[in-house]
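In what follows, chain A forms one complex with chain B and a second complex with chain C.
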Partner chain A sequence: MEWITVLNYPVYLAIFICIYGCLAIGLNIQWGYAGLFNAGVAGFFAIGAYASAILTSPWAEGRLGGFDLPFPVGLVGAMLLAGLLAWPIGKICLRFRSDYLAIVTIGVAEGIRLVARSEEWLTNSARGISAIPRPFGDLPYAKAQLVYLGITALILLVAYVLVQRQAVSPWGRMMRAIRDNESAAQAMGKDVPYRRLEAFILGSALMGLAGALYVHLARTITPDAIDPMLITFLVWIMVILGGAGNNRGVLLGAIIVWVIWSTSEIVTDQLPSEYALKAKYGRMFLIGLLLQLVLRFRPEGILPEKLRKESREERPMGEQASATQATGNIIN
Partner chain B sequence: MKTKHLGLASLLLGASALATPALADVNIGLLNGITGGAAAMAPEITKSLQFAVDQINEQGGVLQGEKLVGIMADDGCSPQVAADAATKLVNVSQVIGVVGPLCSGALMAAVNSATIPAGVILISQAATSPEITTLKDNDLVFRTIPSDEYQGQALARTLLDRGTKKVAVSFINNDYGKGIAEAFKKEYEAKGGEIAGYEAHEENKSSYRADLAGLAQGGADTLVLLDYGDTSGLTVLREAIENGFFEKFVGAEGMKTSAPVKAIGADNLTTFMASAPVSTKSEALDIFNKAFAEAGGDINASYVGPSYDAVFLLALAIEKAGGDKSKLSESLRAVSNGEGEPILPGEWKKAKELITAGKAIDYKGASGELNFDANGDVPGSYALFKVAGDDWAVETEMK
Partner chain C sequence: MDFGSFRAVDGCSFSVAKGSITGLVGPNGAGKTTVFNMIAGALRPSGGRIAYRGEDITALAPDRRFHKGAVRTFQIPHEFHHLSVIENLMVVAPAQPGETLLSNWFSRARVRKAEAETSRRAWEALEFLELTHVAHQRAGQISGGQKKLLELGRTIMTDAELVLLDEPAAGVNRTLLRKLEEKIEYLNRERGYTFILIEHDMEMIERLCEPVICMAEGKVLIEGSFQTVRSDPRVLEAYLGERQGAAT
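After this line comes the complex of A and B, so read on.
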């Protein structure tokens, strides 16, 4: 066997980590920076996936499109549509706080799933859309996968750098201020509802991008692919485990959770068949257990958020003034 | 931190070390819906798959006496899980062919992202979506279960033959209901029937009166109900009878369960009929049923026959191709095309000898003749059933 075929599985694993990385960074903007409990990640993933599928697939009878447009158009379209739809949703839902917001967003995601299931003219309902192109998908198996990994890794890197720059800028500090003390931020003259909406739209656009990246990998999308168990909850675990508020943390979370989820099957396959069958359910248990352990022993995640939060007593007297200034900067 | 990374690294190393196949084994992947929507069917399907593998190994294994090893993987009835599992089977376990998965959406993702690019043959025993027929698959995707399309078409022709020229169609909104309804509508209209009302309904609603009233306005006296008799199909049927929306009812195999008969009563169901695939009474089926029951399997469970046939056919193809992956599709067609010495379930030794001697063979499976068409599909045989007492009885064969 050629060395390149041995790499196929790790490459596939890495592509999925990049896709989940995109989702995790999107959720990190919403939860990590702005404190918005979005439990409808799967909904925005679905919007992105279907948008890109409709834009880039060849024409088919009985449903909208396909418009046979190039891959980058699909990606941009997916981000735009996810962001655009997040606007009215956010406008209505973001008036709710924490757990109420979670309930509303679950409802919205479920609504989107039902639309994808039922609206034949739009999504071809239960049968879904197939024959979606993958860039350089005509290359041999191993090469096509490597190229696609390159594309997803590049996109993830760009998303990471942009979001990271935004997070360390005054905008990032302002978001944290809104998250940690809304009234104080409002008193400083910040337009809280507007900023929360901004974070919601930005995060949702990244989730849409992840959906588009997935759809070009699988080359087919059916409503079962937007299962909240595999999208929403796995991504939440990645963010909590890795460290909400830290982009590197959530990426580490994506790596750990997906590697455990996927490779654990190889280990359980070695068991005798009567145990191997039961062990498949063990994977879900393992992920749940991991979440419990992290929440119990390290609630801030593996790589916690870095904050400039030195207490005043520890500082020499001369720095008092600048410290006060720094506190002011946080709410800039 | 450090220990965590070390632990992870050793887990990965351990996994890759364990996954290296032992020499002189022929690996095939068994993608089975162990978790997820089809989980209830998985235990018996697993028994059937394992039964086929064991039987082949007891009778001398494949090729030069190598052991056939079935590697069980979970399709989760979900596209992501199935594609991930298929990638592992193809690359880590280096399987020569795959049997499964159970769900159509899972199959589409698995073949597109792993088995077709890798040139690995796949035979599904339960995915019935008509989408699979039109898949661009380089002749690598086969099924031992007929597509829903055939049943829809057969039902349409049978109704027209019996003189029903105008019907309303109500179907459950999933790939099963929709696939069969579309095929029915197309064939029915093409052959001169009139569809007066064609509506999907959602699963598990508490009432369908509004849907039924809308359909009844078309003026048809027969309702074609494509749904599951244990859940929403029962509710639709009961409400349609109670309110007199329609006089006659026709269902497909999803409706042919004991629930409507028990809940509504045979007296009220004299005008209700349902079509279902029938394993044509054959010697092959009897042999399989007897052997599988002796091995502790349930012969009435869903998809056990097609599962056994899929493994047996894949093994025959491997034998015929001499283990050459690129010749498997061609060989699969060759071992089951209606020509040659008939091979029945369990006759592995005989088949192996004939292949070695260079003679043509024709596998006759538990689930039918299994002669694949150009798309890798098999035709099905169906019958129309009516309620008789507490059970179902064949009314007529369907063509």
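After this line comes the complex of A and C, so read on.
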């Protein structure tokens, strides 16, 4: 067996970790920084997936499409559409307090799934969209996978760097302040509704991006692939387990949860067929159990939100301050 | 101002002169904090209007009032509990360039300069409040009294013209209280800040406030100098009580 085929499974695993990493960072902007309980992650993932599929796939009878646009356009289109749809949804829903927001966003995600299932002219309903191109898809399978991993990893890295810089800036500080105490933040001059909308749109755009990355990997999309229970559930566990409010934490969460989720499938595939159907719920139970353990013993997640310190620039007279460091440095 | 069928503040009308330190006193439930919430914009009055420097601000959101120069503290501390104490102060600074998304990429020098200035002011405020030793604690973990001080520290971080202080003295030790009074007097005298002060500590009211407004059951009972208010029979009955009024 050639070495590259041995790598097939880990590469496949890693691509999915990158995709879920994007979703987790998106949710981290919304929940970890702005405190928005978005339980409709799958909906924005679906919007991104379908947007990129429609933009880049060749013409097909009976549905919107045939634009044949290149892959990067699909990605940008997915982000724009997910962000654009997040705007009216956020405008209406963000007025609700956290638990109500969760209920409303579940409804929104379900609505999006039903549109994908029933609007034939747009999404080809249950038959879905196929023949979606993949960059360097002409290469042999193993090599193509490896290249695609490179692309998704690069995109995830860029997303991480962009979000992380915002998170440690005054913008991130303001968002965390709004999350901690809305009325005080408003009394201190922060435009709370506008800022919450900002975080909601940014996070949703990243979820759309993840959807696009998924669709170019699978090369086909049907409404079954955007199961709200599964995607939303997994991403939330990644964020809570890894540590909300910490971008590195949620990426770690994505790795842990996806590795358990995916490798446990290998085990359950060995079971006789009469157990195969039940096995899926067994895997969900395993993830749920892990969440319970983390919440019991490490409620802030494996890598909790960092406490940001601000060192003094100049030493005041007559006071022995410890070694001064550059302003804005993050210790710990 | 109505809460359901309950009328908390009714027919309450007063004006505060620029550059004054106005005391707002009255028994619990008189509507003092509700008045503050209406001035700061947290509550929209069911009727009537609020004017600030001749401009009607009745319909203005709280954040817009902040930018017009009106800043408030909360009676029950509203700290940002996951943020460090120093961050709690820094976040208050108005008009920070680093709070817009793109400036963190395209005008970093400006953001850094503003941050350095914000940091300097925040450390100054901490020094004044004698809180430097807890600068890097989570604000949710410091003591109740320290949280009160942090509330006050926020007002120092702004370029406020009107400062609403809701019971700043409650839970603060005596020595610090004197310093606090000095700071209020200094800001009032040197920088022309206008203060409205809700307080039950009559000594503090006496030392600082002119005029004093006494409220009861949502209405203004009397407005005048501390002496006038203290000796008014209605105030004695509703708030201070006969004996305390006679003793002071």
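Worth pointing out:
By our rule, the second predicted complex is superposed on the first by the 292 of 332 C-alpha atoms of A that agree within 3 Å, B and C clash if a C-alpha of one lies under 4 Å from a C-alpha of the other, contacts with A are read in each partner's own complex, and residues count from 1 in each chain.
Throughout what follows, a contact is a pair of C-beta atoms (placed from the backbone, for glycine too) under 8 Å apart; a residue touches a chain by one contact, two chains touch by 3 or more.
As the structure is a computational prediction, the values presented were derived from the model and not from experiment.
In the overlay built on the shared chain, the residue A:218 is in contact with chain B alone; chain C does not reach it. When the two complexes are overlaid, the chain among chain B and chain C that reaches more residues of chain A is B.
By the touch criterion stated above, A:64 is placed in contact with neither chain B nor chain C. In the superposition on chain A, no contact is made by A:146 with either chain B or chain C.
Legend: residue contacts after superposition of the two complexes on their common chain; A:286 is shown touching neither chain B nor chain C. By the touch criterion defined above, A:127 reaches chain B but does not reach chain C. Of the two partner chains placed around the shared chain by superposition, chain C is the only one that A:174 touches, whereas chain B remains out of contact. Residue contacts after overlaying the shared chain place A:165 against chain C, while chain B stays out of touching range. No residue of chain A is contacted both by chain B in one complex and by chain C in the other. Looking at the complex, you find that chain A touches chain C at residues 165-166, 169-171, 173-174, 176-177, 179-181, 183-192, 198, 245, 305, 307-310, 312-314, 316, 327-328. Interface residues of chain C facing chain A in the complex, by the touch rule stated above, are 40-42, 61-63, 66-67, 71-72, 74, 78-84, 86-88, 90-92, 94, 96-101, 104-105, 111-112, 114-116, 118-120, 122-123, 127, 135-136, 138, 154, 158. Chain contact summary for the complex, chain A toward chain B: residues 1, 5-6, 8-9, 12, 16, 117-118, 125-128, 130-131, 140-141, 144-145, 217-225, 227, 230, 256, 259, 262-263, 265-267, 269-270, 273, 276-277, 280-281, 284, 302. Residues 1, 4, 8, 11-12, 14-16, 18-19, 34-35, 37, 42-43, 46, 50, 71-74, 77-81, 83-85, 87-88, 90-94, 103-106, 108-109, 112-114, 117-119, 129, 131, 135-136, 173-175, 177-179, 200, 202 of chain B touch chain A in their complex.
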